[in-house]
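Let me begin by presenting the structure, written as structure tokens, before commenting on it.
Each chain carries a letter (A, B, C and D) given by its place in the written order, and its residues are counted from 1.
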Amino acid sequence: MIVITKSNIDNARIEEIVAYIERNEGVQAHVSKGTDRTVIGIIGQADPALGDHLRGMKGVENVIKVSKSYKLASRDFHPDDTIIDIKGVKIGGSNLVIMGGPCAVETPEQIDEIARLVKAAGGQVLRGGAFKPRTGPYSFQGVGVEGLAMMAEAGKKHGLLTITEVMTPEYVDVCAEYADILQVGTRNMQNFDLLRKLGTIQTPVLLKRGFSSTYDEFLNAAEYILAGGNPNVMLCERGIRTFETYTRNTLDLSAIPVLQSLSHLPVISDPSHGTGRRELVEPMSKASVAAGANGLIVEMHTDPDNSMTGDGVQSLFPDQFAKLLKELEQLAPLVGKEFNTEKEPAGAFVEWKK
Amino acid sequence: MIVITKSNIDNARIEEIVAYIERNEGVQAHVSKGTDRTVIGIIGQADPALGDHLRGMKGVENVIKVSKSYKLASRDFHPDDTIIDIKGVKIGGSNLVIMGGPCAVETPEQIDEIARLVKAAGGQVLRGGAFKPRTGPYSFQGVGVEGLAMMAEAGKKHGLLTITEVMTPEYVDVCAEYADILQVGTRNMQNFDLLRKLGTIQTPVLLKRGFSSTYDEFLNAAEYILAGGNPNVMLCERGIRTFETYTRNTLDLSAIPVLQSLSHLPVISDPSHGTGRRELVEPMSKASVAAGANGLIVEMHTDPDNSMTGDGVQSLFPDQFAKLLKELEQLAPLVGKEFNTEKEPAGAFVEWKK
Amino acid sequence: MIVITKSNIDNARIEEIVAYIERNEGVQAHVSKGTDRTVIGIIGQADPALGDHLRGMKGVENVIKVSKSYKLASRDFHPDDTIIDIKGVKIGGSNLVIMGGPCAVETPEQIDEIARLVKAAGGQVLRGGAFKPRTGPYSFQGVGVEGLAMMAEAGKKHGLLTITEVMTPEYVDVCAEYADILQVGTRNMQNFDLLRKLGTIQTPVLLKRGFSSTYDEFLNAAEYILAGGNPNVMLCERGIRTFETYTRNTLDLSAIPVLQSLSHLPVISDPSHGTGRRELVEPMSKASVAAGANGLIVEMHTDPDNSMTGDGVQSLFPDQFAKLLKELEQLAPLVGKEFNTEKEPAGAFVEWKK
Amino acid sequence: MIVITKSNIDNARIEEIVAYIERNEGVQAHVSKGTDRTVIGIIGQADPALGDHLRGMKGVENVIKVSKSYKLASRDFHPDDTIIDIKGVKIGGSNLVIMGGPCAVETPEQIDEIARLVKAAGGQVLRGGAFKPRTGPYSFQGVGVEGLAMMAEAGKKHGLLTITEVMTPEYVDVCAEYADILQVGTRNMQNFDLLRKLGTIQTPVLLKRGFSSTYDEFLNAAEYILAGGNPNVMLCERGIRTFETYTRNTLDLSAIPVLQSLSHLPVISDPSHGTGRRELVEPMSKASVAAGANGLIVEMHTDPDNSMTGDGVQSLFPDQFAKLLKELEQLAPLVGKEFNTEKEPAGAFVEWKK
């Protein structure tokens, strides 16, 4: 931590600040006088609150954090890529994993048919929501626990892992019973009780970036889960809120290489929610892989015009999904990634029924 | 809802869109051909998901919501101001209420001393956090349930209402047992399970705007609580995230008159978190009142340099707090507000001990 | 300037960085080793580009500016408020100045009638655009030089100063011939050739903040004019672009006290463009004055529904304008400001013709 | 244009609004009453200002644009891709063009050496600034007209086109004399006098997106140039300003497919300014191409640590540049693009001298 003083403060004030700092055990102040301002370096493990206090003190212009506030999530701490192995499917490192499926689980037939198509196209994980976070209280809120069972059944039958969103600590256990990966939605990235609860289990977690969160806050949210004892965390970029309204969000692809350099955790991209428009899913999926993503989570539906949530607007049709995966299979090796090594070639596209 | 087609689509496509709309019971389509595009008005109560589906259909350029998705929070539905009466303290309408206190409850002595000073200055509500939402897992997380008891005790002794933050549905009951008002923090504005739980009780709720939420999303979040059966909701503007980093957030004071015109609920301003800098609390408090706020929630601490959270940086000293309230008492009548009618003149400032 | 290294870099690399810094004349490096990272303070007057170079060097994590890049605009350099005296009207310090008028000058009759009403209400400056910056090339672009003459005439007749926007260096001289104050619009805040040209004259300049500019960039833009030799600069907050679309911009009122603390220049608020909605002009005008603004620039039109630009939507009617000024006159002394000392009491409202 | 009324307004008010609309020649109003609000469609070519006026009228809730305000830039107007042919180098369509070079031209030797390396790597255009837009007045402002001559000489010798930034209308002619392409910087995207001047010549223009501009504003800015008579416009995405500060800007890659669908103009990506960090240039260049960009503009310098501007921090070294182009050559065909068809295989990297 570094303290920068206001210009022209007197020595007595500097000494008071130094004394205030050194009251903290194991912490030393290191004063460096400039022509205009004085800079005080703080050496040792200081409590983050110390910086905030100092910022409020008389004579202090600014306080700058030097060390990161997260540790376990940091690549300094864990230089090698984390690779999460779930029943033989590897996520992280040079593997490119594709998660596909509907926004919401609707009926056993719907999820079974979509699972079949995800598998045929080369996907490895089936996505689907049973509990839906909705802006207004009068919208469809998901089919609930029954949906978890439907999805688990479909995943098992077609040889796919499953991922579903969990919204509150009390549902973590039941979701973990049915699904292979638990997703934390963008609105819950800083739902700290939920994060803490997820730290107490071992089920892998896909943590979505808050739509207005910085990289630093995102990694601190991951740190909550890691610090609780669950090392199986994936980060997911899903678009941030900006002034542009043509797209639902602005997919921040720089987040992929930045998060991979700051952290060892796998980084997944969500071009469906990140754009909110079906026609942008293909180019932004390719761009995500080219930027180095460890995987994609993509919405696909057999009948998007009649899906129960309105997210059909961004869902690919099954033939678009299969074509995309075929093209990603070609693109992956150019950026040092392998596409679904366990499987037959991608894009064995088959007919589907609505 | 209004559907705008792409330019130059043929009649057959328009008929398909109309047929798709009219499959919904009680909904009619009204076609209006322009020189370039066709506009289809949807008349009747359509499901919000219909609009999303339409947006994804071939030939559709855009879909525009005409009706608001919230009802109970809307001034159309409830033209008069909501005035919440808590043990004789009225919030809403022409009343100007001041809530003051520390970021976090620390010790019985600390909260008792601060309560005494809030009361002496003319405040009516004591604020203080027992559970603290913190970006990183290694920061001080609050003193917990014990803090609730300390604050309730201090409030009772000094004749103040109390307000505290609740972060998760399972803590709603215990917080409501001790505090007069429950606060939902900015990160939980869309924690829908928490909102639903708060709808099942009658304790007044101060709902903070998500730091990246629109007015529409904010009012939809309030709607969750209202729709559950709890009519006692206050809205709180506390700053939004922008590209400016000099202030912690950008306090959006236009939110005050806008929310008051869209809704009947009281609007409170938080200049402490909204700026994150002590020296800005006074001008932005006055500006909030001048913009028409129904109240303020302001951090005050007897010893901010040694507070347990780092939020001391934005806490007023007791003498600054007393002076501010004295000045607000003069300002209030100029904008049609009454300052704390139950009490002695503001700002009877007294000595304090750290 | 402070350089923060990456963690665990070796001594040789640190020495290279130090050597690189000390190649610059009059600059010294001051090394401070922490437990994790090393901090190198740079003492002396370093070129700003040095920091950028250092940021790109191997082993460097971050570079932090300590000194401000602007000097003449800074309160460190000029501790007293700048008060600009234009023909006896004082702008800055404890004076509250009101500038009012139409978005665009349209006809001699229009501007004369509006000038009469601005004066009657207690305004001191007549605003009006002759050259209009418009998003699209097919919109009305202003009446040009003729408009300047019409406005000068109306100002003279009614005893008002005049302010008009200048968009390009080649028009600076002609605008300065007719108007008392030249305005730089939000889109031109970083039109450096225009700023440099304005530095060569003595006519006062009202510089609007770029709608996506930081305080630091804003003060650096002012520095261009000051450094050229023109000390008569006013800063104008006029709203920034955020994700909220209900208001045209988000008026950032914290900018008022912040800019007044960083700089000695007067700060004017523009609640008309800052909100883009007529009904918000009154509350946000009052909030601006309560936050400490040195003046307001407000749109007023006798017939806004038929104005030549579309900005009628945010123009006050003359009676609203007169009422607002009357209320501001009462509010001003509560925040240490004096309203138009040269004149009769505000708000002597009179009938008007469209 | 569509007008949406407030709820529950009476028929008389609706008739007044209709009468107001129909005063405009060639414009018709089409009323459609909903259960709650009335929608009035405006048919015919209405002036954009009409919408703004209507928005300000009593009883009007909102006004929505249906037609785009730009025409010549729109793909509706010009369905085929624009391909700009400059001395045989084709920009647009399936061609992938690479522009490379330093931030600023410094000396004849510097620009000659860099030109040699751009050419050897497979680039087709040499970039370099002679006039530099700088935030503060005390930074290096470019070498001026002499720099234009140096760059023209280097381009000619090595068989490269040249591109340079022009900042003010009066310099357009001299810049066009020396350079093959003129660049409008992000701060000047809405410098309308500059845009108008560029419309009067035929030299191709690369127009950078304002760092806080919407797609709609960007295309309207292009429209100024096109409407003036210059059809040779390229659009350049260079990052927008968001709350994230780790990267200098947030490169919005969705802009590439969106602009290509709304417009026929070529879209170039600038990963150097779009990220502000050297290590992100490679992944974001690949992502840009994968998203469908028609070209890239990339900073490269033989000695970035000693460049005259501080932009060395984002400049690639020559070997990184050559490696990148070699990889892009492989990537291009996977997304339907051809890399520099006129040349030898990319990446014939050669030694360089600082």
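Here is the rule we use: contacts are C-beta pairs under 8 Å (C-beta built on N, C-alpha and C of every residue); 3 or more make two chains touch, one makes a residue touch a chain.
This is a predicted model, so every value here is computed, not measured.
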Exercise. More C-beta pairs touching across which pair, A-C or C-D?
Worked result: C-D
For this session: Sort the other chains by how far their Cα centres are from that of chain C and give me the top one.
Result: A
Exercise. Chain A to chain D: how many Å between their CA centres?
Worked result: 31
Exercise. When the C-alpha atoms of chain A and chain C are each averaged to a single point, how far apart are the two points in Å?
Worked result: 40
Seminar exercise, completed: Distance between the CA centroids of chain C and chain D (whole Å) is 27
For this session: Identify all positions of chain B at which a residue touches two or more other chains, and write them in rising order.
Result: 212, 241-243, 245
For this session: Report the residues of chain B in contact with chain C in the complex, numbered from low to high.
Result: 212, 214-216, 240, 242-247, 250-254, 256-258, 261, 274-275, 279-280, 283-284, 286-292, 327, 330-331, 334-335
For this session: Going by the contact rule at the top, pick out the chain C residues touching chain A in the complex.
Result: 2, 4, 7-8, 30, 32-37, 39, 41, 43-45, 64, 66-67, 76, 241-243, 245
Problem set entry | Complex contact set, residues of chain C against chain D | 20, 48-53, 55-57, 69-70, 133-140, 167-170, 187-188, 190-194, 196, 210-212, 217, 220, 223-224, 227-228, 241, 278, 304-315
